[in-house]
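For reference, chains read A, B and C in written order, and residue numbers begin at 1 within each chain.
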Amino acid sequence: MFAHAALCTASLVMLYPLLWMLASSFRDNADIFTSLSLIPAKFDLAAYARGWRGLHTGFGRFFINSTVISLLAVIGNLLSCSLAAFAVTRLKFRGRDLCFAMMLGTMMIPYQVTLIPQYILFLHLDWVGTILPLVVPKFLAVDAFFIFLMVQFFRGIPKELDEAAVMDGCSAWRIYWNIMLPLSLPVLGTVGVFTFIFAWDDFFGPLIYLTDVEQFTVQLGLRGFLDAGGTSDWAAMFAMAVLTLVPVLLLFVFFQRSLIQGIATTGLK
Amino acid sequence: MRLNSLTRRGLLAASAALAGTSSAHAEAARLRLYWWGATDRAERTNKTSALYMQQHPDIAIVGETVGWGDYWTRLATQAAGRNLPDLIQMDYGYIYEYARRKALLPLDGFVGKQLDLSGFTPSSIEGGKVDGKIYGISLGLNSTSLVYDREAFAKFGIGPLEWPVTWAEFARRAAAFTKAANKPGYFASSDAGGSGPALDVWLAERGKLMFTADGKFGGDAADMSEWFSYWQDMRVAGGCVPPDAQALDKADIDSSMLTLGKAAVAWANSNQLVGYQALNKAKLDLAMYPAGAPGTKSGQYLKPSQLMSLASTTKSPDEAAKLLSFFVADVEAGKILSVERGIPGSKAVRTAIDPNLDPLGKRMSSYIAEISDRVRDLPPPPPKGAGEVLAMLLRTNETVGFKRATTADAAKSFVREVGEILARA
Amino acid sequence: MMRPAAGHWFLLPWFLGFFGLTLGPALASLVLSFTAYDLIEPPRWVGVANYVRIVTADSKLAESVRITLLYVVLSVPFKLGFALAVAMVLNRGIAGLSVYRALFYLPSLLGASVAVAVLWRQVFSGDGLLHQALLLVGIHSPSFVSDPDYAIYTLVALSVWQFGSPMIIFLAGLRQIPRDVYEAASLDGARRFQQFWRITLPLLTPVLFFNLVVQTIDAFKAFTPAFIISGGTGGPINSTLFYTLYLYQEAFGYFRMGYAAALAWLLVLAIAAVTATAFLTARRWVHYEA
């Protein structure tokens, strides 16, 4: 009971920003920066209408673009990172530890200084202005964060399992596909959800690589309402910000049902 | 590599489907147009582009737009990749950086041919010159301006800020305003001790330049000590907000003391009136920055609020120059763009749009008209490193405000560090 | 054992990505660190001049290093402790778990959006929510977010508040602990606290290790919180000038990409040293396999 009460209180602190954004989305622009109240004076949906029209392209288009990019990123990361993590944890080959060290090393370089060389690289590949720079790297396991995460979970799966499988004559592919992946559903789910959210929230990549407004993601669309030194439509920004939270929140609740619960009861043997 | 090219082809198809556009007919030129701004500007700019494409079916214009804060990172990246858009909206504070590094195309050769500047006064062209050549055409004139709650000033018996209000008089009135308003956390003015434009005006009214023609800082430690003391006295007298309020201001309209309801005066630019009004309930008005000795000129000057430049790497310079001309000089385009970016430099455009301006637009226009005789000439372009000097100024003013340094020490260290910055740049 | 060659096939995507996309730009930035590069004109070789200046003549850097270390030391333990505690509570199979989980992840979803900058101002400024709440109990608090003595702590608070990602990872780790381990333990009558120390925590060490390493690296590289909350200045008076924010200002604000690259590579060295230490000690406290 105590835990429940504590959770409820904590939830309020967590929920506050959403309620506040919601309240702000109903306000006039002139009220947003001076009011702390969570209850707007009126329920005016005008900002939603303005926001949905977006940068003359329509916010719906941004939703589609973001969904496509995020889903491709999920597929890419799940495949490429799990392959790399499997190799690093379960296979023996020369230079394995060096490879793993390199993976971790790539996490340490601040992107601010690799941005320009990377941009020039993608320019030479003629990928700038397409979604390729945002998607292709995911299929090539550049997110060391996820490799490392999977590595930690794979290491927890008893080695006797695949050793037995090797005895039975299973190939490495079979072990990867039929043993490791099914046993790793919780972490795969985590990687999938995180990848989706990171891609959905990514601002910097789309900012640099997408050019046409037709290709814009939701995050670029949101910033499109704001001009620091000029005229901004904050209410519309908040309205659309609330909407962009909906898919990821739903994903969370859905992810819970389908993945975690089924696994927990099975456990590992 | 096969995997690579396979995914690539598939994804190319996907992204083409995403874009949902097909450009089938022959194009004489495909021009990329890049600007910062929000929804309203995007609508006006896109409409203008559409009108141009309607008149020139062989030209395709691709608009690229992001907000101010992200604009320069992206532009620098594109510059490094030699992939600059053909037409670039430029800021007065950045044009030197890009022109001197040869990223922009000198426009002198186009004037009178592709580029029609017949309606421009020489001084409005001057603002786009760097080291003698034209690198940008003004998209709108502005000047520094106080944006303030005029009615509050009247209500508390302080009277409107009509030119000329000297610096001393401004401090006196500000303190009186705060006292009369008598509301905790509410002050007359924001703290402009860290504002480059404010210091620039103040120095000019003392007969000095912030940046001299040979790229030096024009003030000395005595000036700076007096400047920091002026604002320290303001704080003590309650004329401006305390330092921990001012530190919330990120030079954005949404975080300005005026918008946050902590002050009645913002130190801004005249074309920002619309942006401020959108986030404020009180009816706002424009007024000049404080004045120097009676009878002297204001330290303000008319400058381009924004310019349009061409990239030195553009493949279609002639077509780009024609489109640029359309944006700055065409009457029909001017009617769409209106004064959203500032007061148009072309007289013909101004005459055409003036009757249809809304009250805020009229006010911006009349402000420019009424200050024209009072302002000084355009100062020499700032040296490389100027941006870093402005950041230093903001920081030094904070050290005084938060009582980490006396005004005299702050002034000394400021002048020393400015010397180092400019020597390094 | 499996055929050795298989390892290379599994690593093929990563090889392509590493050698095709990651390594080149990384090496390029290393080379740039020995040049003066203003992003527009071609880089000019200056030897070790950038590094010499960093070590001898950069007073701003010392401040920035101090702030970054303070941030790492405070934000990582608090964030992980919080994440683990919440994950433990949620793992007990409470009703409405999915809703709680989503709620607790909500702050992380907002990430580095501009909304957070405005929110933080409204909560932590001089007349903000926290100030008003403290007034109720008679405390007159400063404007945390804009006071040079406190601003860094609001960034730590932001980091801790966004504990969602390590929490989810802890939860996934807890879920992977087989039930029968606990069943065996409860037969022994192990108390709940002992259960945590003797069973849960050791089995959770791989995940704990992961979170520790990743969060530490992230904290060293922290950029966006300071960028959005200080508006890119690192103010007031450099009190939130994170290392990477300083680096970014040098690169994109003042057109000194060469110098920024040198700063970046020194940071890489520092992070690599810390990470290597973590891996060396890990042998003693990280237990793999259930």
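The rule is short, and it goes like this: a contact is a pair of C-beta atoms (placed from the backbone, for glycine too) under 8 Å apart; a residue touches a chain by one contact, two chains touch by 3 or more.
This is a predicted model, so every value here is computed, not measured.
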Co-neighbours of chain B and chain A - touch as defined: C
Farthest chain relative to chain C (centres taken as mean CA coordinates): B
Chain pair with the higher count of C-beta pairs in contact (A-C, B-C): A-C
Cα-centroid distance, chain B relative to chain C, in whole angstrom: 36
Averaged-CA centre spacing for the pair chain C and chain A, given as whole angstrom: 16
Touching two or more other chains - residues of chain A: 32-33, 116, 136, 139-140, 223, 226
Residue numbers of chain B (touch at least two other chains): 3-4, 69, 73, 77, 80, 250-252, 254
For chain C, residues contacting two or more additional chains: 12-13, 16, 20, 39, 118, 252, 257
Chain C - residues contacting chain A, complex: 1-8, 10-14, 16-18, 20-22, 24-26, 28-29, 32, 39, 86, 89-90, 92, 94, 97-107, 109-116, 118-119, 122, 128-129, 132, 161, 165, 168-169, 171-173, 175-176, 178-180, 203, 206-207, 209-210, 213-214, 217, 220-221, 223, 244, 247-248, 251-252, 257, 260-261, 264, 267-268, 271-272, 275, 288-290
Residue ranges of chain B in contact with chain C within the complex: 1, 3-4, 69, 72-73, 76-77, 79-80, 97-98, 101-103, 185, 243-248, 250-252, 254-255, 384-385, 387-388, 391, 394-395, 398-399, 402, 404, 425
Chain A to chain B touching residues, read off their complex: 29-34, 50, 54-56, 64-65, 68, 72, 115-116, 119-120, 123, 128, 130-132, 135-136, 139-140, 207-208, 211-215, 220, 223-234, 236
Contact footprint of chain C on chain A as seen in their complex: 3-4, 6-7, 10-11, 13-15, 17-18, 20-21, 32-33, 36, 79-80, 83-84, 86-88, 90-94, 96, 99, 102-110, 112-114, 116-118, 121, 136-137, 139-142, 145, 147-149, 152-153, 155-159, 166, 171-173, 175-176, 186-187, 189-190, 193-194, 197, 201, 203, 219, 222-223, 226, 237-238, 241, 245, 248-249, 252-253, 256-257, 260, 263-264, 267-269
In the complex, chain C residues that touch chain B: 12-13, 16, 20, 38-41, 118, 121, 125-127, 142-143, 145-148, 230-233, 235-238, 249, 252-255, 257
